[in-house]
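In the two assemblies presented below, chain A is common to both, partnered first by chain B and then by chain C.
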Partner chain A sequence: MFTEELKAFRRLGFRHVLLQALNFASVIASGLMIWKGLGLITNSESPIVVVLSGSMEPAFYRGDLLFLTNPAAERYHNGDITVYKVPGADIPIVHRVLETHDGKSRGSSPVVQRLLTKGDNNEVNDIELYRGLDYLERKHIVGKVRGFLPYIGYVTIAMNDFPQLKYALLGGLGLLALVQRE
Partner chain B sequence: MHTLFSRINNTSALLSSCVMGLLAAIAISSILIQFFESPIEGGSVLVKKVKITHGRGRQYKYEHAHVDFEVDADLSSLFNWNTKQLFLYVDAEYTNARGVKNAVVIWDRIVRRKADAKIHYAGKQKYHFKDTNTFRDAQAIYTLRYNVMPHVGALVYGVAASTNASVPFPPMVNNA
Partner chain C sequence: MARKKTANGAAQDISTATTSTDSIPSPPSPDRPPGPLSLPPLPGPREVVKVNNYSTTELKNACDDAVKRYLSRPELFQQNHQHTDVRLALGWLSVFVAGGTGLYGYKVEFEQSKPVVWVGLILYMLLTFTQTLYSYFIEGDIVFVGKRKTFSKRIITERITLSSRTIPVSSSSSNSTPITPPQYSLSLSYVRSTSANKSLLAKGKTQARAPYSRFFDAEGGMDGDAFERWVGEVVEEGMGGLPASKES
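Moving on, here comes the complex of A and B:
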């Protein structure tokens, strides 16, 4: 199946392989630049997240894609859907703000707020998820949800649940990148 | 040019471009509609009774507010082809004696169909309403807000009705 490509390979020589590897690396580098650039513009460490749990149903289901922004000077209001990370836990949680309590702004941080959240599909608020904190602070919030795309993120969930799929996809892409002639 | 691989390649590229174009059209059109629509009128939020007591159990040291209220609104104009659901919530905004500005959601409801969009609710709050300092001398404005959640696109927030005038908190009742 690949005999034609292998013959072309040998004809073009080692330089060709290096060129293809360089193309591959530049694709990865530009992808990373776009991701980090988006993170800078939105002031959020992770401007696109995938919903992982069903605690916001029927609004968000597992696998939906969310677009976040986190302007440093903006207060959050109740009703905003925020993504936050409790210190000590790695998973971002997507819940709606139930309460806000504003303090006076101090030197380095323009907005001082304490927040309480609750998932739409949960009966009680998130106190038990806060690991000892009574309220969330602004620094725990990754961002506020502005936009929404259904189902698209399910690919990443599937790749996490079935790691063979991830390796197969990466392997296939790598092979394709090497044997393409342009 | 005519191999199976290139045919699949071209077809899937066309398919994904069309799907993305359709999603963008849906998202942008529903945003523009919201932009040019008049704000919601005819809604009302009435606070019937407010009572302040001690909290229960561990919460005894905090003052808890119990609010009886009534909301009326007609939100059917918010439903369009891109509306998945409407999230409604009544919140109370006030500044307490320490100067801290608070906003607490006391009631919410999810509306999934246009037929359910005429809201009438008279009763108690759903969630605890407490202040870590005190409610004394404070007054709250109660507002009914909505959040339109689309099938695809940007989330929209708005105000449906409000008490407009502040409702004062009465002094605390001294038995739990």
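Moving on, here comes the complex of A and C:
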């Protein structure tokens, strides 16, 4: 299957190989830049996340895709669904804000708040999950949920549980970009 | 179909295609460097090129590659890779900028990384935009830019530029007009001058088109000899001299 393509590469020379490799690399680069640009515009480190647990049922189920924004000047209120990351923990958690305690805005941060969260489907609030902290601060919040898409997140879950899928997908994409000429 | 006005017999007169601009008549034969048709074909079996007949992109790419291979033979023109190099340079630079920005964003915490990531993003967008503009406006349809220096009494410099595009299948509204198959349109501009461009010897612009079916068989194999002959004729016509044959 690849003999035709390999022959073509040898025939067309080094520049051609560089051009085809550039095709592949620029697809990856543009995807990366779109992700970073989205993060900058939404002021959120990870503007699209996947729900992994069932602690927010019946609002969100495992496998839902969530869209977040984190405007620096906006105060969060009770009832907002936020995604936060406790320092020392790898994975962010998506739960609802239970209590907010507002402070006066200081120089560096426009909004000063202390928050307590709880998952809708949990019995108790999240103090246990805070790893020693008594409350969350604004800097721990990744963003507030603005919208969601059901089921789509299962693709990411599958790729995390079966890493071979990730490599297969990347490999397939790479092959396609290398042998196709626009 | 473009019809060429052939000159009245004399080999010195230029035959011009209907789309060509004014051509300066070339001097008598001794001063004219050899054209591609006068070269013998390369020895050894030709590598078979096989493409998907139904994709005009593949057909055009195969023809473009054949043009480049044919005209960059040592006795013919030396290819100028400027357009390709600019595209490669801008493209790879933008990839590295993107990679660097991504790596920086990964290592450094989000709030602190924001200024640098902004810079990287803006730089990436500028590079991509510049590359797109260059490809669209400056490079355009060009597939081959070549130069040759020959020495006969004085140093003669020739510059040739070829562009190509696919003329798609024309859909006809009336039943009487036959549908033309996809065609390969080759445009050529040629300049011959003495050393340091002090005096212009010949200048020509030619355009020719031929249906892909003339060069590709039913399985998609390319008839390299026929294609090279056709390209040779177009180039010779642009160089001034042999009148090109009418296309089918």
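Quick note on the criterion: the second predicted complex is superposed on the first by the 170 of 182 C-alpha atoms of A that agree within 3 Å, B and C clash if a C-alpha of one lies under 4 Å from a C-alpha of the other, contacts with A are read in each partner's own complex, and residues count from 1 in each chain.
The rule is short, and it goes like this: a contact is a pair of C-beta atoms (placed from the backbone, for glycine too) under 8 Å apart; a residue touches a chain by one contact, two chains touch by 3 or more.
Everything numeric in this text was worked out from a predicted model, so none of it was measured.
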Partner chain in contact with A:K7 - chain B first, chain C second, else both or neither: second
Which superposed partner A:S30 touches (first chain B, second chain C, both, neither): second
Partner chain(s) touched by A:L40 [first = chain B, second = chain C, both, neither]: second
Which of chain B and chain C A:L18 touches, first, second, both or neither: second
Touched partner set for A:K139, first chain B, second chain C, both or neither: second
Footprint overlap on chain A, where chain B in one structure and chain C in the other make contact: none
Chain A residues within the chain B interface of the complex: 58-59, 77-81, 96, 98-104, 118, 120, 125, 145-150
Chain B residues within the chain A interface of the complex: 23, 27, 84-85, 87, 89, 91, 99-105, 110, 112, 127, 145, 147, 149-155, 157
In the complex with chain C, residue positions of chain A that touch it: 4, 7, 11-12, 15, 18-19, 22, 25-26, 28-30, 32-33, 36-37, 39-40, 45, 139, 181-182
Residues of chain C that touch chain A when the two form their complex: 47, 50, 57-58, 61, 65, 69, 81, 84-85, 87-88, 91-92, 94-95, 98-99, 101-102, 105, 110-111, 114, 117-118, 120-121, 124-125, 128
